[in-house]
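Structure, as structure tokens:
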Amino acid sequence: MSRIDGRTPEQLRPVTIERGWSKHAEGSVLVSFGDTKVLCTASVTEGVPRWRKGSGEGWVTAEYSMLPRATNTRGDRESVKGRIGGRTHEISRLIGRSLRAVIDYKALGENTIVLDCDVLQADGGTRTAAITGAYVALADAVAWAQAKKIVRAGRRPLTGTVAAVSVGIVGGVPMLDLCYEEDVRAETDMNVVCTGDGRFVEVQGTAEAQPFAREELDALLALAVGGCTELAGHQRAALDTVLEK
Amino acid sequence: MSRIDGRTPEQLRPVTIERGWSKHAEGSVLVSFGDTKVLCTASVTEGVPRWRKGSGEGWVTAEYSMLPRATNTRGDRESVKGRIGGRTHEISRLIGRSLRAVIDYKALGENTIVLDCDVLQADGGTRTAAITGAYVALADAVAWAQAKKIVRAGRRPLTGTVAAVSVGIVGGVPMLDLCYEEDVRAETDMNVVCTGDGRFVEVQGTAEAQPFAREELDALLALAVGGCTELAGHQRAALDTVLEK
Amino acid sequence: MSRIDGRTPEQLRPVTIERGWSKHAEGSVLVSFGDTKVLCTASVTEGVPRWRKGSGEGWVTAEYSMLPRATNTRGDRESVKGRIGGRTHEISRLIGRSLRAVIDYKALGENTIVLDCDVLQADGGTRTAAITGAYVALADAVAWAQAKKIVRAGRRPLTGTVAAVSVGIVGGVPMLDLCYEEDVRAETDMNVVCTGDGRFVEVQGTAEAQPFAREELDALLALAVGGCTELAGHQRAALDTVLEK
Amino acid sequence: MSRIDGRTPEQLRPVTIERGWSKHAEGSVLVSFGDTKVLCTASVTEGVPRWRKGSGEGWVTAEYSMLPRATNTRGDRESVKGRIGGRTHEISRLIGRSLRAVIDYKALGENTIVLDCDVLQADGGTRTAAITGAYVALADAVAWAQAKKIVRAGRRPLTGTVAAVSVGIVGGVPMLDLCYEEDVRAETDMNVVCTGDGRFVEVQGTAEAQPFAREELDALLALAVGGCTELAGHQRAALDTVLEK
Amino acid sequence: MSRIDGRTPEQLRPVTIERGWSKHAEGSVLVSFGDTKVLCTASVTEGVPRWRKGSGEGWVTAEYSMLPRATNTRGDRESVKGRIGGRTHEISRLIGRSLRAVIDYKALGENTIVLDCDVLQADGGTRTAAITGAYVALADAVAWAQAKKIVRAGRRPLTGTVAAVSVGIVGGVPMLDLCYEEDVRAETDMNVVCTGDGRFVEVQGTAEAQPFAREELDALLALAVGGCTELAGHQRAALDTVLEK
Amino acid sequence: MSRIDGRTPEQLRPVTIERGWSKHAEGSVLVSFGDTKVLCTASVTEGVPRWRKGSGEGWVTAEYSMLPRATNTRGDRESVKGRIGGRTHEISRLIGRSLRAVIDYKALGENTIVLDCDVLQADGGTRTAAITGAYVALADAVAWAQAKKIVRAGRRPLTGTVAAVSVGIVGGVPMLDLCYEEDVRAETDMNVVCTGDGRFVEVQGTAEAQPFAREELDALLALAVGGCTELAGHQRAALDTVLEK
């Protein structure tokens, strides 16, 4: 059985992870999952938000946004509307939590890293591409902070790697990494965030059309773990490259 | 092994569902899960939002909010801050999706039901109490609309029942229906929304302290399904009572 | 001549004042004037707003709000609209001023008490019920602060008691404590805030249909003073009860 | 006993009412009560707000604002802060209600008149000057609408005249028309809006320092009625002048 | 060839500069260019915005606004809309930059001067009238600060004078100081800010109907320099008058 | 005399114009002026804003924004702050006006084209790059609308071409197309928008350090016209390429 774009159910779309995309940011990645393209930048600042001062611990947070014409029809800018929508809030929080799962705050010291994930083009899976790319930008930013001695010598702020993928049941078939057209038709939709060693950081499953049974959940989880493992390989490959800057 | 409040790991807190709490709303419930108290009102209006007009289909949506002093320390009002926070947005969306999972839009006709879930007192599990109570308020509102012939005779807008519960791993032990103190100490935290027949509507698991393994996920899901089944019984019992108004 | 609900013109609706409603707040009261129900919580924090720092004086302020379905038809949430309406602003300010009239700032010391008055169900007179209930919550909060030594020994921050009631001319007859249906039909509407010893803190009279004469004003003031005196009795009775917490 | 500026307790400050101040507005008045100067413009538009359409009745509303440096120290602009403060809201509503008290909506027809009252310089009594001046601007706007046949021939939208004045107890002495310095020191502060025939439209008394007794209230009301009568004379004189435009 | 109001193309409208208009502000001017009237106040505060603290340098900024009925049809208040419009932002920034061009920050010391320019009546050229009037208010505020020793003796914060005028091509003819009716019909519109010695501070030319050629630009610049020179004369004359306050 | 990056004073930075960057937008261009990169998308929608309905004329507007880390230090998102800053407003308006200068509204018919210009990386000249790139995206969108028969056959909505460049005086030397480092040090800064035939659409010159003389203005205008002519060549070359989509 083949999918809209000819993939098998358990196949990812082509993945690219382009490091060093921006000359300003301490870490920056243009990640693509098929036609979904997200620019992820990591900004390091010394100091932490007020509520964390004096704790000796750092902070990592994220902001997600879509350009107005990243999608098929133009959306209004949230800056013009004067308020952030619920979906944006929800995804920003998800990305932040996912990355914090692999951060050792003590090792980071009182420094803050902000991940900005701006969707330049959307075709489904923007939040999972954002998490996957943001991890690489974060790794570069941490390395930069270590090189600059902002993070103390010997400290390892990253405790693992993290990647994310969407899975869903479309026409009764569990599938990996849904493109937009599949996502719209999915009966059940799930976003799964895993560490490189196959444990779960976030599991968010939603019945779109009708409630789903335990076996369906199991099938989706298996697909997702496989997809995240493959993405972890892409991340490793990208980070193994020597980045000239 | 006993919990802070003496419960066993698989035990719910005392649950009360008080129907007909408000004289104005078409459905209204004061639900409590232990010390967590949420006032859920359902408001029926004829007509639907603009994007749905002429579809012949109805709409159900929800808004969640906390009174400023529902919690241990007073929080600023979102109306005074002039913006809704990310957490509020996220929970409002979750409640709405959960209830829509048991609605047949065609049968509802072009009518809208808004569920307002206001937390009067918080002690963990406010979103799951809200979903559980809101379902009962929704059922009352649907019955009201049927009695008023706003919903056409013979139509059954509700396709099932829905309830929700939190589960988490605290001190290595999977536990059902966390109170605030447990929630704060949980290594993993999950909110599960199930239909009365034991299928999943939403599964949202988050690693708070460290990533969780598949077996932990399985243990939590089993606990949650059991809890939701028990809550479905409380809902049935409440709805079986004759409500004098 | 009897009223919609059978009362005489100079009769209050049934009044209940339920102290200790919330487990978190330093003072909390669920007050009802007939079908009007307001949850009043008092939150004590050490310190004062910036403009008052170093003065040795405390501060008391209030925020009033209505749940969306407290009324007969659902109102939009002010948090969702992103701005507080004029009516909300006006009533919040009135409650704050009324309570400050019986506060000795010096005796309170540099502490702040915030009164949150959330209308759970509305049937006219929400602002006067809020003031009457908030006074009792305030008294409990002050007692708590004295017990915790946050207020210095021997100091008495409360200089008196305060209660409020609405009066109006309906069908040419001056009446006490209008319910919603009477309020809508009133030619003149007045809210009066009095101390326990019968002096005035606030007098706000408005000609709804046509200007009113001095004799009408006099009749309304007399009714209001009587009502406030009666409410002061209810407050005393509530505060005389031993509160188990 | 003489006051800061040499007046007797029952004396108004010098009052000027300059009609036709603006070349654009249908009615415009620069009113001054001593050093308080308010520019009042009345704007007529055909049609009414949506909630009033088809009623055959008109609408009158008001907006009050202060220039940032109308006062002794500069205040932040509410447009820059992005929200209207409570005081502004409260006064705008008061002005609107006061003017509507002398409007016959039916006679006005489905037309709207907006009164903008912008305080150019403040020295106490800005709201009462605003009401007094706005009435004159409103009268000019109504006359304009009649001349333009926007209001039907023979209809008289104005049912009377309205003026306002502040009164207060300063150093134990009831005084009329407080300037800023007196207002700050007042123990009790009251704003009274009267029709030209001496009946009340609004009475808003506030205990600033300590609760006030019935006799004090009576003394203040008497002063206020006298002041409003005198202001009605100023309004009449201004309107009797032929305005060249 | 004569203009709508009988002027020659190179003629300014009647200019008046009334100093000391407000009793509160450190400098205040009511400036008129024909029927355009702008109230400019200068407010001096000791200290500077946070980003400038410790620099030893002062700051000058401006805020521009229009009263709702300054124009022919009433505009909504930006405070009510909750946001500043693009035009307001743009003009506020222009006024601020123009005045800062003649300020020696070091000589001013760590003090801030805010210029508020509120348009009371608009008939074209409001931003140029605002700059021209604000300069005079600024000069008075600087003199006040020198007299009060807030600016150190011997320091001269003002390094020159600044004035502004609009020019445009209307019906093919370059014209100085456009009134509203001319402005609407202009093919090209330019605002020019000059120092008293004829150099440029700002040049903002816009093709309204069709692009303009270099010769047209040259003609407009020549007209504008002449107009600014004449305005500088009006400023000098106003400042030479002895101001009784 | 050579510049920071080795250019001569009258030399542009390397310019690239990459058409068809986005799969969704009707026109899309990634434009770069050196390290400044702006993504410009053109979105066509049938219909026009309300105030233009029934006129038979179209509308073109623009929105400019910067990604938070487009610059050397991270800026707060305007969507998070809840308001658009003055600079953003000003540039959005400039881009819109510039493009409208080459649009024949009648020929466009009642259709709207929105240009979104999002700065992905900033190094000076972001507004001029945005205008230059947006013109090309606009041309593609117009061609698309013609192909789709949304614009009537035979109509030519574009009346010319438009490009923009910055010029400035740095260290006394007039220079073309300033990079960020030069821009910061410029004594005078000017943005010039020209049509392809060398006429002016916008001229915005600002004295940053000190007022500038007429000869300096002339030198800058000459440089700018040369730069715009060269950019018009780049635009033509880009549009002459066959775009595969």
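So that you can tell them apart, the chains are marked A, B, C, D, E and F in the order they are listed, and the count of residues begins at 1 in each.
Here is the rule we use: a residue touches a chain if its C-beta (ideal position, glycine included) is under 8 Å from a C-beta of that chain, and two chains touch if they have at least 3 such contacts.
Please read all numbers here as calculations on a predicted model, not as lab measurements.
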| item | value |
| --- | --- |
| Number of steps on the shortest touching-chain route linking chain C and chain D | 1 |
| Counterpart interface for A-B, drawn from B-C, C-D or D-E and sharing over half of its contact pairs | C-D |
| Relative to chain F, chain with the most remote C-alpha centre | C |
| Copies chain C and chain B - interface residue numbers shared by over half, same or different | same |
| Label of the chain whose CA centroid is most distant from the centroid of chain E | B |
| Interchain centroid distance [CA atoms averaged], chain A/chain D, Å | 59 |
| Geometric centre distance via CA averages, chain E-chain C, whole Å | 50 |
| Overlap residues in chain F, where contacts from two or more other chains coincide | 82-84 |
| Ring walk, chain E to chain F and onward | E, F, A, B, C, D |
| Touch list for chain B against partner chain A, complex | 83-87, 89-90, 92-93, 97, 101, 160, 190, 194-195, 197, 199-207, 210-214, 217, 221, 225 |
| Touching residues on chain C, where the partner in the complex is chain B | 22-25, 28, 35, 39, 41, 43, 45, 63, 65, 67-74, 77-84, 88, 114, 116, 118, 120-123 |
